[in-house]
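Residue numbering begins at 1 within each chain, and the chains themselves are lettered A, B, C, D, E and F in the order written.
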Amino acid sequence: MTIDSGATAWVIVATALVLFMTPGLAFFYGGMVRRKNVLGMLMQNVFSMGLVSVLWAAVGFSLAFGGQNRFIGNFDFAWMKGIAKADSLPGYTGAFALVIPPLLFMAYQMMFAVITPALITGATADRLKFSAYAILIGVWSVIVYPIIAHWVFSPTGWLFKRGALDFAGGAVVHINAGAAALAVVLIIGVRRSYGQETMPPHNLPFTILGTGILWFGWIGFNAGSALAANGLAVQAIVNTHLAAAAAMLSWLVVEKAVAGHATTLGAASGAVAGLVAITPCAGFVGGMAPVYIGLLAGVGCYAALSLKKKFRFDDSLDVIAVHLVGGILGSLLLGLFADKGVNALGADGLFLGGGLRLLGEQGLAVIVTFGFSFTVTYVVATILDRTIGLRVADDDELVGLDQSQHAETAYQ
Amino acid sequence: MKLITAIIKPFKIDDVKNALKAIGVQGMTVAEVRGFGRQGGHSETYRGAEYNIDFVPKVRLEIVVDSEQVDQVVDTIVTSAATGKIGDGKIWVSEVERMIRIRTGEEGHDAI
Amino acid sequence: MKLITAIIKPFKIDDVKNALKAIGVQGMTVAEVRGFGRQGGHSETYRGAEYNIDFVPKVRLEIVVDSEQVDQVVDTIVTSAATGKIGDGKIWVSEVERMIRIRTGEEGHDAI
Amino acid sequence: MKLITAIIKPFKIDDVKNALKAIGVQGMTVAEVRGFGRQGGHSETYRGAEYNIDFVPKVRLEIVVDSEQVDQVVDTIVTSAATGKIGDGKIWVSEVERMIRIRTGEEGHDAI
Amino acid sequence: MTIDSGATAWVIVATALVLFMTPGLAFFYGGMVRRKNVLGMLMQNVFSMGLVSVLWAAVGFSLAFGGQNRFIGNFDFAWMKGIAKADSLPGYTGAFALVIPPLLFMAYQMMFAVITPALITGATADRLKFSAYAILIGVWSVIVYPIIAHWVFSPTGWLFKRGALDFAGGAVVHINAGAAALAVVLIIGVRRSYGQETMPPHNLPFTILGTGILWFGWIGFNAGSALAANGLAVQAIVNTHLAAAAAMLSWLVVEKAVAGHATTLGAASGAVAGLVAITPCAGFVGGMAPVYIGLLAGVGCYAALSLKKKFRFDDSLDVIAVHLVGGILGSLLLGLFADKGVNALGADGLFLGGGLRLLGEQGLAVIVTFGFSFTVTYVVATILDRTIGLRVADDDELVGLDQSQHAETAYQ
Amino acid sequence: MTIDSGATAWVIVATALVLFMTPGLAFFYGGMVRRKNVLGMLMQNVFSMGLVSVLWAAVGFSLAFGGQNRFIGNFDFAWMKGIAKADSLPGYTGAFALVIPPLLFMAYQMMFAVITPALITGATADRLKFSAYAILIGVWSVIVYPIIAHWVFSPTGWLFKRGALDFAGGAVVHINAGAAALAVVLIIGVRRSYGQETMPPHNLPFTILGTGILWFGWIGFNAGSALAANGLAVQAIVNTHLAAAAAMLSWLVVEKAVAGHATTLGAASGAVAGLVAITPCAGFVGGMAPVYIGLLAGVGCYAALSLKKKFRFDDSLDVIAVHLVGGILGSLLLGLFADKGVNALGADGLFLGGGLRLLGEQGLAVIVTFGFSFTVTYVVATILDRTIGLRVADDDELVGLDQSQHAETAYQ
């Protein structure tokens, strides 16, 4: 096992950057809720940094990356056992063996595990009981996230082996979280007075702040997934940035055309949509492809906003339109734009002469990830709802989460 | 002419406004205020230090109307703002001697 | 003594204040409020969802003055706050029975 | 019934509230406002540009009480809000014709 | 072409840091405008991240760094063509050949291209029409920025060849943006009620937040410009930090003496003034020089605030006093303090026995940059003003940019 | 002296991260004070970035790391003299010689010197005169901080030589600042109306923002202290993150049990408590130890909140409970959990079979650091109080620091 200090330097920083994304997400969402619920939102996000990290050290990492089974990890690395010297960790053999300490790989992946369940909070904003949330993401981080991570990210996972590509978590993070969000939203129901009362964002500057932090952190998320400081990481940073930029533009253009104004919330949403869509592709495409992917993501996610109207669910802050749809779009577009010239470990997509094979694998990964996450989350959330209840009492919702769940007031 | 002042629960503002619109009220002025009353406040504990927050958020409405309209407006507010729970708020009515529209300088009924 | 309440456009506050100062008004109290009226609101579309914002930002002035001064003050507000466009606001006048200065306990005219 | 409106210094709100509670006042409504008066404002210089901030932060209390209680309430506010320094604020009293509790529809004394 | 993984790691991070500066700038400015214009300000900044990035990938980078012409680049790298393997890129030959992937150089420079036009928004705050802004910076990022970048940053550029020094963009970024800001401000005119109504900053904590992010990001800006993780980068980080610190102190002292109070806005402004002034010098001076440069920048930029009173233009948030004057100060002070002992690729300034040669070159670079940027921007802005109009309608200005341009309310 | 570019890359970034912590701290504290004092708080923190940096370049670094004396440094490196080539700097010899430029070591340490006095501001919130603060931290950064840094961090310092371990500043930063805070608080007295008026936090989202920035920056603080991009840095990042996570959880559990609600301020406070406690341990423990240390820190610091009630001092934002107690806890727990297997330069603690030796040394370091910092600060603060006065006038306190000290209003 050779350790490269440049690669290690970069992945340490990338780990810090991804960590910073969760507070960023908290503000991205927190700005969009009503004033009486902002602390509730910030808390749910920040709490994931606490709970999920400890669970990851305890069992999550091991369940995701331990052992050779194709469907699930094992407990070899549970309770931080033997990670530091884990030559047996998948990824540490062969021509493309990792050149960073295994423990760093664990830390980097931990930050992904933290932010993924936090994404759900946007869908259930303003009504999810804090205790139910804590249990939900606790369970989820043990029986949903590590399993999908294993399938897709671990070289021993079955989707990985089949050739599905997911550079930084289009499926593992975004489709996974989006599907879970949809499941919980269907059970928890719409916000009180949804559709009657106006519920505009209470602090859009916070949303822009969150967007800035997310964009910044996403460079760690995507370029860090190269797990080295090399040309691949560089390609990923360029792709990531260009996709976000392009998606912001296309979202704004469509918004201007449809609703009459280009909004700051639209700029923020478009950028995030682009970041989501490029996530699976970041290390597998090149040239102007990220711009095209971004442009399509901006339009596609904007169009997906209408889903919740059509199907009458209350995905409060559009997790489904942005993360689920954006993740699916990115995963499938990779089947078109993937370019082996960019990454020898990748494949050629339809446009690069690779035929439909990759697109098929991507489609399978999308369906399987969505299906597994949605189903298991639906069951877990149902059980929670029938026992302690997912949703706060009506009065608590009226008075707001800040006061009812945390006995605090955001602004005095 | 009368001034009707109503203190209501914040989340009722849309309902009250719509109900008033429906009976033809064309203007009102609204402010965010904090109320102290029977409803009582709540306590917040920051790092072990307990703070009693005696005041609860309320919304204050002011509506100037012709004297004949007072009863209807008051009733409408009562109906649309009530939840039956403590803290629903108060309405009080007082006399207005003059009312002027700034834009035109019109006075009295025309100014409303 | 009378209480003059005026609802004006926010960007007019400096003009009105200066005009009132010029005619010798020595005190007033100002609050940020939201108004509903003929001016109408506007709509905001967040991610495709349209919100009608019925309320527009206004500023509310309260000035207690001697009864003789009422006309002058009202006129001054009308002049300095008017833009001639819809939404310029309202002024209403009501009776004040007592006025007390907290610092000294003075009452009536002296307290203003 | 009377409406007592008091403009006080913000940091006095807890004192005043407690003093009023002590004499049995059960409700009041409070708003953050800005006052202009003898106290004068201050100037702030941002990057060399001077701004005169004429308005100082104040708190505005509204209390509806039975007519008999007015003197006691006014005195209590004066006592608890005074610091003896300029800018302590004003109290004014005006007539209220009706008072309604929204929750129950009760009127008059019972509604307070 | 040798790639060093440590250098690559650092420049990737520096790229992310410079990216983060644009949201930082948005908050720095956003806090200073009135409440009704905060989203307008945030949007203009964030929008640059969208538009300019895509333009940079399309043509900007190639116009700045392609080919061997002394006055302008070419289209060799347009539309992301052939950048990844661009051994022909200037800077990749000779003893000091870069050791980072060429694509990373492109990405790093992209972030400079993004933030530069965003700097202009501070001058035109509260009245610039969003559509006009979008076109203005779009055009500007193609016909102004890349050309000046070519002259000064590209080893083939004429100013570079003459020996003008600009480590991280004193001329390319700050004088350039400042001159453009001045041109636009002269055309667009003063804010409505300017001088009559008080327009104090609406949220100074946001300005401090922005300052913190800018300072943090500026380490990427200046130390990243070493394009390696070596002693030069380290010298740049030290110089950058000390200049910011010293300029904060001198600004506050002068402010206290002149206006009676040391303000937080003064601390923020001083720090940024120091950061601007040290930008051209960061890799060319050493010892206590950054402290002296900072002290002078704090005083000089503070004094420059009065320019706008004297000449009666409304540079709303003092872009000219801070960026134009700060950039000029830094560029000229480099003629005094430059030290070849610090950087063999630099020169010795007057105080180090190098005579007036460097100062002369710096003066020329200042004049040329200012002249070109001012003139071209003036023409572009005039055309825009005569056609679609630079400025929002009076009513729109009254109601604020947030509502009139974006149909949004910042705080509810 | 060999320079490793990966190590250099990482420590440059770590320097930037620690720099970013001071604005983060400003917001962490700034959110907790009342609305009229928020700029005063932000300013005090930001001002430390100005003043202390310049003092560090002038004399601080040299006093901390110059020469071979066991009790104090010298002036060898004062005024930036000869740092760049300082092979004589302690730490640059032997088997574990540093592989980063000495100037980078100076820059990295500078950021520690900046944030340490800034920590004090939380204790004296809402009443400390700005001028007195400026002088206090100026003096303190010359006669307190460098001396303790010398004792503990410099290989020639007496506590270092005895074998006391302090990976990233449990003693040097947290106990030191906490002791100084206690001294100043005892002299300055309680806030006006303390205990009568309610003084709840005015902007908890800012506190959460600050927490996010602090957590992010702390990775630079602790993992950067490895001064290389190696396995030790990786161990430190993992330990840091897990301790913060665990402490958040334990604080929230206790809070929920005792006060009825898990608050966002509690989540923030717990995380910071964990970060403080792991600071001395970050590079000396492994496995699940950071989780245990974190859990204990959360409980311990929560319990310490009652100290100020018991002893009736007004440590406004709980610097003593979080930093002093957290720092002491961490330093002592290291005596139990230290593991030489993690770091050959460390030692084995009680639980790893090392006996009580290390615990004894840690105890000594705690006592000595506390005693020195408390005493000297007490004397300095007393002198200041008797001369210019530490505290603002009553009226100034009533009207708030923003207006009285800086003639500014935070929000308009």
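Note that a residue touches a chain if its C-beta (ideal position, glycine included) is under 8 Å from a C-beta of that chain, and two chains touch if they have at least 3 such contacts.
Small disclaimer: the values here were computed from a predicted structure and weren't measured.
J.: Using the contact definition given at the top, which chains are in touch with both chain C and chain D?
T.: Correct list: B, E.
J.: How many angstrom lie between the CA centroids of chain A and chain D, rounded to a whole number?
T.: Centre-to-centre distance between chain A and chain D: 51 Å.
J.: For chain E versus chain F, what separation do you get between their C-alpha means, in angstrom?
T.: 33
J.: Would you mind pulling out the distance in Å between where the CA atoms of chain B average out and where those of chain C do?
T.: Spacing between the chain centres: roughly 17 Å.
J.: Check each residue of chain E and list the ones that touch at least two other chains.
T.: Residues 4-7, 9-10, 13, 198, 200-201, 203, 209, 213, 229, 260-261, 263, 265, 407-409 of chain E each touch two or more of the other chains.
J.: Which residues does chain C have that touch at least 2 chains other than itself?
T.: 31, 44-46, 53, 94-95
J.: Quick check of your reading of the touch definition: is the inter-chain graph here a line, ring, star, complete or other?
T.: Chain contacts: none of line, ring, star or complete; other.
J.: I'd like to see which chains touch which, written out pair by pair.
T.: Pairwise, the chains that meet the contact rule are A-B, A-C, A-E, A-F, B-C, B-D, B-F, C-D, C-E, D-E, D-F, E-F.
J.: Please output the residues of chain E touching chain D within their complex, sorted ascending.
T.: Going through chain E, the ones touching chain D are 198-201, 255, 258-261, 263, 265-266, 269, 302, 305-306, 309, 318, 321.
J.: What part of chain B is in contact with chain A in the complex they form?
T.: Of all residues in chain B, those touching chain A are 11, 14, 42-46, 53.
J.: Mind listing the chain D positions that touch chain C in their complex?
T.: Per the stated touch rule, the residues are 2, 5-8, 31-38, 54-55, 58, 60, 74, 77-78, 81-95.
J.: Which residues of chain C touch chain A once you look at their complex with the stated criterion?
T.: Those residues of chain C that touch chain A are 44-53.
J.: Across the complex, what residues on chain E touch chain F?
T.: Against chain F, the touching part of chain E is residues 4-7, 9-10, 13, 17, 34-35, 200-205, 208-209, 211-213, 215-216, 219-220, 223, 228-231, 233-235, 237-238, 241-242, 244-246, 248-249, 252, 260-265, 267-268, 270-271, 286-288, 291.
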